[in-house]
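These are the structures, in structure tokens.
The two complexes that follow have chain A in common; it is paired with chain B in the first and with chain C in the second.
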Partner chain A sequence: MKLLQKPWIWSWVAAVAAFGLTIALTQGRGASELGYAALSFGAFAAIVGLGQMLVITLGPGNIDLSIPASMTLAATLALKAMGAEPGSAWLGLLVALGVGLGTGLANFALIWALRLPPIIATLAASLVYQSIAIWSNRGLRIKPPEALADFATGRMAGVPNVAIVAVVLAALVWLVLERTIWGRWLLACGQNLRAARLAGVPVEAVRAATYVAVAVFASLAGYLLASFSGGAALNMGSEYLLMSIAVVVIGGTSIAGGMSNVPGVWGASLFMFLVVSMLNSYGAGAGVRMVLTGVIIIGIVIAASTRRARQ
Partner chain B sequence: MIRLFTRYRILLPVVSLALLLGATFYMQPRAMSYFGLNLLFNLAVPIALATLAQMMIIMVNDIDLSLGAFVSLVACVTATWLNDAPLVGLLILLVLVLAYAAMGAVIHMLDLPAIVVTLGMSFVWGGIALFLLPSPGGVSPDWLRALMTIKPPFVPMAVAAAVLIAALTHLLIMRSGIGTVLRGVGGNARSVGRAGWPVVRLKALAYGLAGLFGVLAGMALVGLTTSADANIALRYTLLSVAGVILGGGEFTGGKISPVGAVIGALTLALAASFLSFLRLSPDWQVGAQGAILILVLTARLLFTRRDAQA
Partner chain C sequence: MTRTPQGAPPIVTLTDAAKHFGPVRALNGVSLSIAPGDCIGLVGHNGAGKSTLVNVINGGLAPSSGTVEFAPAGAQTALEAGIRSVFQELSLCPNLTVAENLRISHTGLRGFNWRKAARTEMAQALDTVFPGHGISTDAPVDTLSIAERQMVEIAIGFAPRGAQARLVILDEPTSSLDAGIARQLLDHIVRFCASGGAVVFISHMLGEIFDVATRIVVLKDGRVVEQRAAADFTRQGLVDAMGHVAPEQADAPAVRAHAHGAEVLRSPEGLNARAGEIVGLSGLAGHGQAEALARIYFGATSSWRTPRAAPMVFVAGDRTRDGVLPLWSILRNATISVLPQIARRGFVDRDREAGIMAEWKRRIGIRTDDVANPILSLSGGNQQKVLFARALAASAPIVVMDDPMRGVDVGTKQDVYAMIRDEAAGGRTFLWYSTETEEVCQCDRVFVFRDGAISAELTGADITEEKILEASFEMTEAGQ
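Up next, the complex of A and B:
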């Protein structure tokens, strides 16, 4: 079976299984609601996951720990710029993307100019972003403009708008990775940085673009999440740090770099939401839910690695 | 001068700590006392122990994203079982250390990425902690409380403990035969294996040591705070990584320094106290901590780069 050898298939199988098990309990009731919720919440995880995937593809040691801080900062500044004025949604989007550009460049500057390991550089920088967000937020809760909130919570042809955005982004990332020279360069860097440099790949430019991309994705996710949930909160990004890494790995992207997997990120994002709702509907408490989530993550990683070893 | 720094990697962490300490004393001369020092470094002991735990993992080229959740879980066990039924509590803590060792063995045997396995384990530890202690509470055992608030003559408890911990780990990791082999696993696991050492067992030992230090960190933390909750130490994950790197450790190659790691942890703990003396707006405290981190690492870069050129 060719299909079974695709690295992304497992996250989708797991997502479908979790969906099926939940629906089995309710005997089919609420299936469309569950699917709708999974698409809405999975969209945010997918957007940050796509960014994290690009960085992890760069090779060992590359990771962005500033995703939650970038999300919060972008959402805070965007909502402040819009000030709940009608018709300012595009302005807010521009501000959010600008924040992403800024934090991405700052992260890369630390990594490149100061030769810091990306883990430490993005961690230290995220503390600064967090401070800026706290300072500019000051506990205010500004509502997003109504039209934007309607868009973020709305649907088109039965599909949540945020999911459409995330699917379009995923398609874009796939296109860039598979069909453009830039994507090939990125994969080459991840497979062997030295070889890529000797082959004439502009390695530093590729790394810079990747770190900017992850920050822009995080900012966009923050902007959408704040519009979706009716305002920015200082801890809004915190759960997306582990989430972004988890969806990348469950999705079948190699943690060693040089191989990314776009469809897997979406499958894993749906799975991460569905597994929690499955455990919820079976009446598991918060503690049991977390333990099982962890066990399932490790199980998938082990399954994926033994399959790799057999080939 | 610069040659001195490149030859003795430990100097830079020492100097950063001394500078920060000097600046703190300048801002607040009253801190220059037994009581003041105790306050400044009060929370440093659990951070130092957690940093050493992280160091054991970084020593074998892995990274542990579950440490904060693990320390929180230990804190919950300490504040509940260890207080109510000491024997059962000790047994649970022992099992936790063994679980860490098993995690190391599994990671090595199946060739799994440590970052992902520990990520998954962070959910497991967090879930068990939440199960044990759904809402903040519990009580620190009296003997632990007494141990953490002991007042030795001349030197405050936090400083004395840090020196003792650093010295013992230095002996274990830098001076003993097994410590050298463990660092060798980080340097080149394959050649250690070819030389006849069982790498699986060594990795399990490194992880087991990390678990042991994680347990000590959680117990120390409860001794200081007297109660626990399931999220009490989540920030230790990133704090401990930062401490190892501040102390002159590197992510690959088994290049670590236990004394440096303890000093790095003290620096991080002191940075927080220093910033509150600075009367900085609370908004900027976290950011300033990040800035201090970047500054110290930049200073280190200046020396290592000269080293490479020389």
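Up next, the complex of A and C:
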């Protein structure tokens, strides 16, 4: 019974159910292909979701809406810097992470210095990042270096490399939240910012680091996604705005802040991919698919929140 | 006066009422009847079951066993029976005005111009209990000081609200009020009971209990251990009945005459403190003491970096707003400030953390089986002890305390006073704002605040209730 009390269990139950329903239709054929695809695509959602989770943990009002723009800008500039030259993968990674550092600091500067609500600050800033990406890209589609593309689409011991990266990141985030002083500080800020400040927590430093972390995660996701799909595209991040928020909420992280849930983000990321494949394989059209996805998300959030309220 | 007057049926009768929360027996079989004209003083330690008893009387909690009957035959609920409660945890809506808050508990206010009726009734209610209160009924509650909010809440408790208040339960109503306002409330309670109302009055200030109560009920571990007319108790007898061996206070302060060190703090308004000194901030509630403390604390610490050894720590009195981290365990709440000292390369040393927690649990007597329990499972006074432990565990040289004894029982107060004296003797400096004269008398030096400025500085034998009141009121009287 103890397992059922864990807030992350529901996203995993939902993911397994969606997987089972899809496989049931094909009498078990294609199970490993479906699992592989879920891990690959889920990895990108998990990486941006982990970042968004940290920001949402900061408490009500904290959110980063510039994730898609950061992804696009990081991918565009990284691919441009690499110019498809062999051996430039690390340079590209450095550029991508640098872009994340820059957009994260810029976001927090707007929030802190101009006292803008994060929802406005990050949305407005994302227009700027997107414009820079358009301006620097000029319609060119640069291919990633071959070794990097091979890595992004490759596998190790049957597991996609991108999924390994995302699992390692998730483990790191869990370690920081559960075992380090920064994690304690972040969780304290999310419960009551004033009380945290009065208890000696350097609240502004914690907030700044969190906004930088989400942007760096988004940039890394953008870099990997562009390498995975053979180049950066200007709309490559668009689906990750809703996705990043949905995986956090379905994963059992408290929207009110102060409580993070790392395993739940991964479960929810798999579920978000699997529910679409399930509806696809049952022959639902695009319209029906979107409506049903929305309904399922709302249902899970309601189920998770009423269960929490009863505790 | 101990017995129900003939012919007046009791307003509420509890027969062997018990309330269990899982294995915790918060209330363990209480029989009590309250009749018109009764003023019952309810005393007991933190966690003795006072708040649970109140919630059973007012219908907020159904008893696990036993019965609760309301008197006017036909009254099904506590509300119909005219029972109202005023809680220690402030429960007003901060974004609404004073008059709008009345509407929440007075559903009879409706129709096109209900605000006007609400304003009139609210103003009347405030004038009745606190003449000369100076609170506008149109002021949003979040612009009021904590004392003013408490006054509004008390006034709403006594307001007619379409019917008539027959029994008003006051849970620690004076803890954030200064002496003058508290006096007004006590006078009103006496008037209210004389005119046929009944009051249950919970306070850790025994003087107030003796002032107003006709009957005193002592709770201990969820049971009524004593129930007699107030006149039959002595102060010492009452403390003994509660079961805590605390010495009669008021003999302690004069004994301390240790030398203080160098000046460690000086603020623009002229407040200063030396190493090892206990400096009090006093005066009427809401005259800038809390703001001065906040300025000092925010000035000495940074929002950007936390040094390994904090220069200053803060003990909050307004627990919900300034202190408690509600999602966390007792352990995590208690150790948040000491973490930088015990971290190794950014990682929390969980063995040392547990060790520090165990030591403070013992030293300050936090009543819990398991420090992994949520902080909100503790009673208010025990939550306050956790906040004390949080501040004292971090070895900061200066401790700032913003009215930290709200809701703490008499026995614990004595323990905390002793602990503060010990720590001060060890060289720590305390800045201590309090609304209670008894606490201010524990200080070496007291600054009295009036209208946001320091109006007097008292030392040693000059620290008396009279001198403090004199300094608090001087201008006000001259201006009138």
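The definition used in the following text is that the second predicted complex is superposed on the first by the 311 of 311 C-alpha atoms of A that agree within 3 Å, B and C clash if a C-alpha of one lies under 4 Å from a C-alpha of the other, contacts with A are read in each partner's own complex, and residues count from 1 in each chain.
The criterion applied here is as follows: a residue touches a chain if its C-beta (ideal position, glycine included) is under 8 Å from a C-beta of that chain, and two chains touch if they have at least 3 such contacts.
Everything numeric in this text was worked out from a predicted model, so none of it was measured.
Colleague: Per the contact definition in the header, classify A:R194: touching chain B only (first), chain C only (second), both, or neither.
Modeller: A:R194: touches chain C, not chain B.
Colleague: Which partner chains sit in contact with A:S131 here, chain B, chain C, both or neither? Use first/second/both/neither.
Modeller: After superposition on chain A, A:S131 lies in contact with chain B alone.
Colleague: I'd like to know which partner A:L123 touches here: chain B for first, chain C for second, both or neither.
Modeller: Only chain B is touched by A:L123; chain C is not.
Colleague: Once the two complexes are aligned on chain A, which partner has more residues of chain A within touching range, chain B or chain C?
Modeller: Chain A has more residues touched by B than by the other partner.
Colleague: Would you sort A:R289 into first (chain B), second (chain C), both or neither based on which partner it touches?
Modeller: A:R289 sits against chain B, while chain C stays out of touch.
Colleague: For A:A218, decide between first (touching chain B), second (touching chain C), both and neither.
Modeller: A:A218 contacts neither chain B nor chain C.
Colleague: Touching A:V203 in the superposition: chain B (first), chain C (second), both, neither?
Modeller: second
Colleague: State the interface residues of chain A toward chain B in the complex, per the touch definition above.
Modeller: My answer: residues 61, 63, 65, 110, 114-117, 119-121, 123-132, 134-135, 138, 242, 245-246, 249, 255-256, 285-295, 297-298, 301-302, 305-306, 309.
Colleague: Could you list, by residue number, the parts of chain A that touch chain C in their complex?
Modeller: Per the stated touch rule, the residues are 179-182, 184, 187-188, 191-192, 194-205, 254, 258-259.
Colleague: Mind listing the chain C positions that touch chain A in their complex?
Modeller: Chain C residues touching chain A: 297-298, 301-306, 310, 313-314, 316, 321-328, 332, 336-337, 339-340, 343, 346-348, 390, 394.
Colleague: Within their complex, state which residues of chain B touch chain A.
Modeller: Listed in rising order, the residues of chain B that touch chain A are 63, 65, 110-113, 115-117, 119-132, 134, 238, 241-242, 245, 251, 281, 283-291, 293-294, 297-298, 301, 305.
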